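Look for subunit A in each of the two complexes below; its partner is subunit B in the first and subunit C in the second.
Right, the complex of A and B next:
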């Protein structure tokens, strides 16, 4: 009994911090979401709006497009990074790879670059008229690549930039997971005559599932709230082609000072993220709860 | 011998008088700053040539004279607003002076963000410098006065017009003049109408096809407010569309309700401006004000509307510009009747931009900051500042020999600013500046990339702007 009380005592600081930085802002946003509040309005005070902000969101095509765009972006980057990360993890674990440590280091470097610097660097690479990417795409393939006029180019570039930045994280996670796998089930599967694909799908994937799940969750949540890199690369453009939901919320909350509406958007986005994560969890584990 | 002694004597007396004067000048700042010795004041501004001069020259000089340390953050336009506004809203007091762009001042005044400089100096005469005289400033100071009280709320630190720059070397080249005449039947000279401007742009784009030269700059970033500003503040006025097309009393934006945002003139203006993109370098759709200046300085455009803050370095700084000595300056081309309207004070032909430094109410070092703002508001610091940033905020600066000399090198930019500055105007006095911008700009971006036609863009923008003004409570 005494040990239990001491445990609570140790937990108190962390609990308090979590309460202050997590729970309190959440409640505040929940509260603000029910009000019409713009400090630049003629009446800058909070005015009760009930569910009006949420009702407006349902018909706000800019918001819905932004959300849909974000989901498509998140889908492409998470799936691509998972596949690419797995291939790279296996490659970097291969005993026969010459200079393995060197490649591992080089491969890992993008993770330590600040997102804002990544965005700025890619912008410099891709800016029309001066960037080397449009220059060589034109020179070698005759492609008129322009991220400031072509929505498709901008969107694909945003995905490639994200892959460059975050695939190494997936690679490292999967390398750790693969290294920790027990050898016996793999050997048993080989003895039983399983081919590589069968061993991968029926032995490796199930054993790697906890690592996969964690990695996918982290990347999914990151992709859904991507702001800084995109802001530097395209500022959400051309037009609204890369205005992902994080950017859209930022524009509404800060330059537009539409706090009530911005709060409602944030909460709805949080809800979508939770639902997506839960669906993913169910799909990957077959369980509907967090524990069995 | 006798005359030598006299000369030496006079020399010593002169030196003594000079040094005593200098010491007396120094001593006022030192005495006034005595209670704030060791204090640090922090400021934030957009990274412009004028701001960099404050960061690199005026801040350190002030510290040297007063012992008050100046920490200065020169950052991007977006970051500058974001950080300053958050600081003032949250009352955190990180910044002791902030850049107030001419177009945001009405928002800051409406939200009571700023310290009243006139009143503060009147209340504390000990820190009121005898060298700080608001009457010395140009009328640009009026933008930073409280419309109700007339009190000064910000000390102007940059002011410039957005002129029409052209490549004088190309325009004056006899071979090019002949080619232009053969091609168009007209004489090559700076455009005074939009048709002429387009014709020149087209000619130079064809002429420069293999020379990395295009006919015009266009500040048409497809995702940055710079595009909104170029259209509504620099191009639309030349077609007679003022104040972004929003009626200042009814806050109507649509033509149906008395606004001008989607009027025939506004649509003609947007079609003209979007049409220029085919004669502009490829970077134009990602160009903000900085990139436009860079494009012109790199010799990639024959003409363009360029913010005047960049005019000095483009025309004179060989380390940054390839067109030194080749820059001509003129007034922007206009539609018939617009110039007459501007001359009579009923309209304007372009944007008179600039900003001031003000003190947020949240500042924890208001008195020390007041000293600094007065320091940069002295007539004696203005000339070198103007040379570095092609900005003039005091009438006396125009007559300084150094400025007269630079004016010659810039083919009369300062003369143009002095004589024709009255034809330009600052942003409309709207406290909802940022809100309307965020609502309208996406339609301009869509028109730039061809997602929608310019006419539809303005129809939708005007409707959206009006809805936003209703939501904000300005329009009933």
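Right, the complex of A and C next:
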């Protein structure tokens, strides 16, 4: 390591760009959040509003519902992807799996499909009257599945779509993590007579913790902000059943051009994301005395 | 062992079918003439290309495709160049508060797009305006903008990769009288080339797939990208399923081709950061 300020020279271009497209907007939105500003209103000028925007947010049930809905969605998505991803990672690493490379390639496919195309594709599958999913669910199981009228169906479909799209990512991460694990502790635990569950919980999970943490973080942030897929699948409907927070802000702020309020909504969402990530971090690293 | 091998094989066959079903259905629908659209069969009955031709013949779709190509490629190139420099600085020099800088870079990726969407819209239309030139509805605007999420990712990946190149190689070159620029171009660059390729491909796919910023910050065929074309199409016609499926397929195809070529490296790239993290 060379002790010198030359290092900064290399960082400058990247920092500069991120300053302009990342930091400046952040400061600007902090500022706008304190104003009453609607460019389509009779008086389109900035008017100081203090904390009025934030005060209204606390009583805005549409906003709060959408936030709560997003958290429920993210919880289900992250937990099921983690479980499913682990099972699949183990299955893909099975010694005698014939055609492993082929399955890996197929399994990676959904990751690179654009979210907007994922939404369009699932819309083709699930749209009532046209798609094959409602048709065969009715034919084979007698289920009246309809994402444009039934809120639960739409919500569950959104979750399944996300599982289809992002479980492969979790599988790959965990696979990399599992491959990198040292063999000795596992063999030691087997010699000591631990059963499978004990080995999993007391040996594998602690060793896998850094990878688990990164994977959960990435998935959580993405789940909290997914917009495109849901927009294509249901447009947030029926009613507001799948209107998640990113979508809510997007379809609310731009047509209405209520910028001050939009800024306050965006910032509150950011704070919730930060607090949630922090809580998760403490819960995952703090409990076992920092077993990193 | 053998039984679990068979079990996981069966599991994988089922999963492969489930994974491919949506993409297959998209292909099936895109190859159906209007009269057969409501058929519920899983099979492609005949090869009917008119939906694809209709999409490709609309002049704007090709324009959007071209815009996407320019934006994604320029952004990936820019991000790789700046990301490599930054990663070199972070990996090879002791920088006062270096960890903090690194963390700040990463936080840019964590923030929900909603946080950037509104202020960037306002800045692009009202503040970043130089005479006749404003960043709203330009390819340059999108190229710069995609740095918000791509640059942190690139720095994160590349720093991990540069950390893996032994410092002794740099030192040896310096003893031989190489300047910093020569170390970067003659020692680091050749060794980091596979890592750079992975970074380029992944950031390219992210930029190609992005929709929300593109939809909000562009308004005409000058800069609209292919993902916005698809979304626009759905909201305008709504029920022309055959063409919609063809369009969705054409939007996905470039990324799928890229995946086919570099599947192994994508896995390495996606998981590399996770390992180092």
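Everything that follows uses one rule, which is that the second predicted complex is superposed on the first by the 283 of 292 C-alpha atoms of A that agree within 3 Å, B and C clash if a C-alpha of one lies under 4 Å from a C-alpha of the other, contacts with A are read in each partner's own complex, and residues count from 1 in each chain.
Convention: a residue touches a chain if its C-beta (ideal position, glycine included) is under 8 Å from a C-beta of that chain, and two chains touch if they have at least 3 such contacts.
From a predicted model like this one, the values you see are computed outputs, not experimental measurements.
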First, second, both or neither for A:207, with subunit B first and subunit C second: neither
Partner chain in contact with A:28 - subunit B first, subunit C second, else both or neither: second
Which of subunit B and subunit C A:175 touches, first, second, both or neither: second
Between subunit B and subunit C, more extensive residue contact with subunit A: C
Which superposed partner A:160 touches (first subunit B, second subunit C, both, neither): neither
Which of subunit B and subunit C A:151 touches, first, second, both or neither: first
First, second, both or neither for A:186, with subunit B first and subunit C second: neither
Subunit B versus subunit C as contact partner of A:116, first or second or both or neither: second
Partner chain(s) touched by A:46 [first = subunit B, second = subunit C, both, neither]: neither
Contacts of A:256 with subunit B and subunit C, given as first, second, both or neither: first
Subunit B/subunit C common contact set on subunit A: 129-130, 254
Residues on subunit B engaged by subunit A in the complex (per definition of touch): 81-82, 85-86, 89, 107, 110-111, 221-224, 281-283, 285-286, 295, 300, 431-432, 434-435, 437-439, 442, 445-446, 448-451, 471-474
Contact set on subunit A toward subunit C in their complex: 1-11, 13-15, 17-18, 20-22, 24-26, 28-29, 32, 88, 91-92, 94-99, 103-118, 120-125, 129-130, 132, 135-136, 164, 169, 172-173, 175-177, 180, 210-211, 213-215, 221, 224-225, 227-228, 231-232, 245-246, 249-250, 253-254, 259, 262-263, 265-267, 269-270, 273, 277
Of all residues in subunit A, those that touch subunit B in their complex: 38-44, 62, 127-130, 134, 146-151, 234-240, 251-252, 254-258
Residue ranges of subunit C touching subunit A (in the complex, touch as defined): 1-2, 4-5, 8-9, 11-12, 15-16, 18-23, 25-26, 29, 37-38, 40, 42, 82-83, 85-86, 88-90, 92-96, 98, 101, 105, 108, 110-123, 144-145, 147-148, 151-152, 155, 167, 180, 205, 208-209, 211-212, 216, 227, 230-231, 234, 241, 244-245, 247-249, 251-252, 255-256, 258-259, 263, 266-267, 270-275, 277
